[in-house]
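Each of the next two complexes has subunit A plus one other chain: subunit B in the first, subunit C in the second.
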Partner chain A sequence: MNKGKLQLQRWMRRDTAAALLFLAPSVIGFGIFYAIPFLLGIYESFTDRTMGGAFVGLDNYKELLDSGSFRKAAGNTLLFTAVGVPLLIVTSLGLAMLLNRSLYFRNGLRTAFIIPLVVPVASIVMIWQIFFDWNGTLNAWLNALGKERVDWLQSDWSMGIIVMMYVWKNIGYNMILFLAGLQSIPKDYYETARIEGAGRLRQLFGITLVYLTPTLFFVVLISVINSFKVFRETYLLAGDYPYDRIYMLQHFMNNMFFALDIQKLTAAATLMVGCIVLLVSGMLRVERRFREDME
Partner chain B sequence: MQVRKRWVWLPRLALSLWLGSLAILMLVPILLTVTNSLMTEREIGLNYGLLGQMVDTASGGKDAFVNLKILPDWLSLEQYRHVLVLAPKFLRMFWNSAAMVLPIIVGQVAVAALAAYAFAKLRFFGRDKLFLVYLMTMLMPFQVTLVPNYMVIDWLGLMNSEAAIILPGIFGAFGVFMLRQFMAHIPFAYTEAAKMDGAGQWTIFLRIILPLAKPGLAALVVLLFVDYWNMIEQPIIFLQEAARQPLSLYLSYIDKEARGVAFAASVLYMTPMVLLFLYAESYFVEGVQLSGIKG
Partner chain C sequence: MRTKWIGILMSFMLIFALAACSGSNGAGKGGQPANTSGNNQPGSGNGGGVDKPQSGSGSSTPKGEKKTVVFSTFWKDEKFAEAKKRYEALHPNIEIKLEYIDTDNEHVEADLEKFATTTNTAMLAGKGPDLLEMDKLPIDSYVKNGLLVDLETMIERDQEFKRGDYFTNILDNAKVGGGLYGMPLSFFLMGFAGDADAIAKAGVQVDDKSWSWADFAQIGNKLMKDGEFSNVIWTTPGSLLTMMVTDHYASFVDVKNKKASFDSAAFIAMMEQVKKMKEDGVIGEGRPYFFPTQINSAGDYVTTMQEYLSKNMHLYAKPHTKETTPGGYFRSYRTIGLNAKSDVKQEAWDFIKFMMSEEMAYSPLSAGFPINKNVYAKGLEELKKMGSVKGHEDGALKGAAVKVDEARIERLNGYVNGAIHPVAYQSDKIEEIVYQETLAFFSGQKSAEAVAKLIQNKATTYLNE
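And now, the complex of A and B:
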């Protein structure tokens, strides 16, 4: 008890006053535009009407989970994240390992792989349309090979196309993160492993991946954030109501908003937040355990 | 041993060339946009007129495809002239984008740098918990706080104004996260030494931390520019008036209405982004990399 009080006093004495001043602008703005709205949203999800509605418990959630379009959207978002994020991580790690060797024009190559990140979605969307349209180039090639055309954006292929765009755009960013991680692994670890007769694969799993784990944690966070941004690609390519396969939670929430179905929207938002919080706390726990094991 | 050393360039060259072709493949959509922007409007119409039309395969449309052209028949600046001189609407939208993106960047960098300093270098009660709140918020897609955000914006009387986008942008959590990660790498020895010399927190922040955090700041500027120059989610909710919308949305209309000039508009739209990136590339890479390694 006494010890706790002393500790608290020590904390307070330290930098608290300065910290308050440095944090003030950010915390005030963050509170008004994110934290308070956020809590309001959770509250709304338990009431029957916007602003001052009666408390209805879990009714909104029941209705939400019964709604076919929500289930479709949630399933698609889950599928996209479950496929897209691992795929992006594996490809960008592979690319980083290749670029980490001695190469000619290494800097030029690195630049070329990052460029897609800085090119705005809206300015490249025309080219994607030309490729994937019913009368598009991809179908022209299929036709030349004597095959039937595919309506790429109006079929289950559409999810694959969005995954491809996501990887295309984000591979460079993850690649530079992994490059930094790779370069921080001391070279003599590999030397020692070689002398002890460890093969390539053993080195990959025993050294590279182990020491990349802290980087990996960060890469997963960034990749998840960016996976939500594919809404832009789907919106620009296919509008408010795209083909079923690429109808994401973001579309659902936007459409609920324009339909003024605020209760369903806030319930969906709260569920999504719950999932993200679970994901991040799980990752933090894994990371902490990993760090303790390393020490 | 001698022989191996002499031939070491061969696999290196092979790998470089292979990665080089991969890099060119990545750049194809961008290069095509540039070359197509030099075609005449008539040529664009001839090549891509079939886009988005369902040609009935039974009535002889079997071989009707768009014609993806790599190089124009006739080099022309007609599209650029149309966009820049004949249709001032484009410049207007360009200005709309800039007038929202620049305040967001300046504001977020300033607010986030202050907060990040507190998180990275000051000790205060509840620091790690508060940072976790920022981290979680950063991961949420825009739509999650859509309703409550709308209510707050409405309450502040900012609906249908640029401030509805600029203010939440300034207080976004990403900058705080990224700069804290970066500042955590600056050794305590520097700040401690300054403290010994009697420098206050403000002086330390201004004279020591900010100059050392330059790569982190540069990386943040580029990433914010990428994100907001590209914004779709916010303007479709908060800016109903067409004349106020940013270029990112305008381009999606132009794609359908005036396809002939869309390529030039796209090129003009991506140019500031790409130039900024190329200019700041080495800082950007360093900033991103250090923010990804645990400090």
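And now, the complex of A and C:
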């Protein structure tokens, strides 16, 4: 018994060493390209001037929070996440459940939903731009129908368009994740439920959603993170100063970068990362608790 | 066993990915010296970023040793190459290193962006060249970050520098944020070319020293009523409105309190006024009395004025607000900034002074009025000696020569000495927003209120960042 324990320890040690060795390249890469620059950025956010400025404490953060545009950007980003993520989850889950059944042309459909992931954004944005422009296709149709035209990208509609774009872009990826999750639920559960006389709805809430929860957590997480990344599409669609509603945090940061205001930029980035980390760790904690309950 | 193999495979993939990353990185680094060596044509004496530390070590070496001043511009400029040659001949212990981007028409925009980003980063990192041509760089941001030397401090310390030798109207008004952070080596005049005969015939008096936009509108109406031409000014409503906004900037934009007032009745009235000008034909591209114009040089003044439709075109100052002091408009050209982190500030300042001095060859036909009054006067003498200037081959003159007229030159002197309102080399973000958003208003697609609200929104966002 004692001998076995010793062996185990040695084995552990050997394995740790090997793991560290194998991890080193990625850790070094991550460190050099992400972690170290980000830590430097955090340091910059507490100084008054780029490279070698004096320490000014929270002044940059105070200035940042005083900036009306930053508050607007943060509000818009939150609103976007709050609307976009649930919508994306519901549609992609619905789609996954639909495609999980035997359906005519199922494989073709599955591929079709994954295509948005592979298509370069710039080419798509161009079409959207032509479609939604003030003098674009959609307004031409409206005009032909004798209706007032709408400035889609310069009114509150713009948020809707960005949400649509976000859903379109991410639905395929989420769908795959959900499909994998759905397929891992044993079929017997449903059979048993059906024999017991459970209805469709009861099956959905009692089996599907319960056993899909770990996947659901992961998908929500990825979707939230992706929702912060919607800037690229928005920027390509509406430029650096878009309509009020779709002025996101990343617009703010991008404009700060071009104004050489590195202090405000790094302070904003630090705040944003802080919020995301809080959100994610909160979610992970909930998930852990849920899993313990399941067991 | 299987998992182990997968693990090994994965780590190999990671290594490959990393190697690929660093590989492309190395290639980029390798490409740079190749690029700079490509620039290193005889006579241009271009160095590269690689040699930059030399300028730093140069300062610590004892006197008599060679010092290097790195001078970065976007375009390759013969004028600077000439200055370098002459200066180095006079100062054998100084080396001027010219850095520029080799670009062509197709890549200008991309190269320009790259130039700005790399220069910005280098400056923020405390490296960067000693001297920079600021025309294509965001001088306001540089000043805000304390990256440039206030050249007034250099002037103060310099006993040899005589302010009176230069166009002080330009020097005094080229300031940014309370200091002279960029030295304009030369400048352009901005104004209207107006058909003096036709205006006189219509019985209209134009006092361009002090006319406001309201006066301009009034004169426009009168010209439309009594004159024979179909339009007053050759422009688009968007450009005219942008000009007016720039002039009334302070009444629409409160930079200090970060407030915009584009949703005010005043701005909406201004938009409506410009639209009415368009509808009445005041703005149009038929046969107008005035053309907005930029005069690049004395020689350009002689020919450009003849390139419009009439024989007797005069230069007029642009209208301005009642509040501002009367005077014309100029745009700085070849504005040179001095890096605050430079180790060779004194030498760099000396080179700036050299480029402003009479030692530089100057032709009255080359772009930009020189900041040095004596150089300008010499140029005028030369111009008079020439007697005539050949017009642009592809312009309205088709290369025909234009006689130099003394009275006209005399009038030019007044404008060169009287230009006191700077026009930024690059357009301001708010001007851009105003121009873009009002297009839909002037084409009659949106109401003035809707457009004003949009401009107000975006301007507020911009100001509050």
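In this text, the second predicted complex is superposed on the first by the 282 of 295 C-alpha atoms of A that agree within 3 Å, B and C clash if a C-alpha of one lies under 4 Å from a C-alpha of the other, contacts with A are read in each partner's own complex, and residues count from 1 in each chain.
Heads up, the rule we're going with is that a contact is a pair of C-beta atoms (placed from the backbone, for glycine too) under 8 Å apart; a residue touches a chain by one contact, two chains touch by 3 or more.
Model, not experiment: these values are computed from the prediction.
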item: Subunit B versus subunit C as contact partner of A:Tyr173, first or second or both or neither; value: first
item: Which superposed partner A:Asp15 touches (first subunit B, second subunit C, both, neither); value: first
item: Chain touching more of subunit A, residue-wise (subunit B, subunit C); value: B
item: Subunit B versus subunit C as contact partner of A:Arg49, first or second or both or neither; value: second
item: First (subunit B), second (subunit C), both or neither touched by A:Leu236; value: first
item: Which superposed partner A:Asp261 touches (first subunit B, second subunit C, both, neither); value: second
item: Partner chain(s) touched by A:Met126 [first = subunit B, second = subunit C, both, neither]; value: first
item: Which superposed partner A:Ser26 touches (first subunit B, second subunit C, both, neither); value: both
item: Partner chain(s) touched by A:Ser69 [first = subunit B, second = subunit C, both, neither]; value: second
item: Contacts of A:Trp134 with subunit B and subunit C, given as first, second, both or neither; value: both
item: Subunit C-contacting residues of subunit A that also contact subunit B; value: 22, 25-26, 29, 33, 50-51, 134-135, 262
item: In the complex with subunit A, residue positions of subunit C that touch it; value: 7-8, 10-11, 14-15, 17-18, 21, 120, 124-126, 138, 141-142, 144-146, 258, 429, 433, 440, 445-446, 454, 457-458, 460-462, 464-465
item: Subunit B - residues contacting subunit A, complex; value: 12-13, 15-16, 19-20, 23-24, 26-27, 29-30, 32-33, 36, 48, 50-55, 62-68, 111-112, 114-115, 117-118, 122-125, 127, 130, 133-152, 167-168, 170-171, 173-174, 176, 181, 201, 205, 222, 226, 229-230, 232-233, 236-237, 247-249, 251-252, 255, 259, 262-263, 265-267, 269-270, 273-274, 276-278, 281, 285, 288-294
item: Subunit A residues within the subunit C interface of the complex; value: 22, 25-26, 28-29, 33, 49-52, 67-70, 72, 134-135, 149, 151, 154, 241, 243-244, 247, 252, 255-256, 258-262, 264
item: Complex contact set, residues of subunit A against subunit B; value: 8, 11-12, 14-16, 18-20, 22-23, 25-27, 29-30, 32-41, 44, 50-51, 98-99, 101-105, 108-131, 133-137, 139-140, 143, 168, 171, 173, 176-177, 179-181, 184, 214-215, 218-219, 221, 224-225, 228-229, 231-232, 235-236, 249-250, 253-254, 257, 262, 265-266, 269, 272-273, 276-277, 280
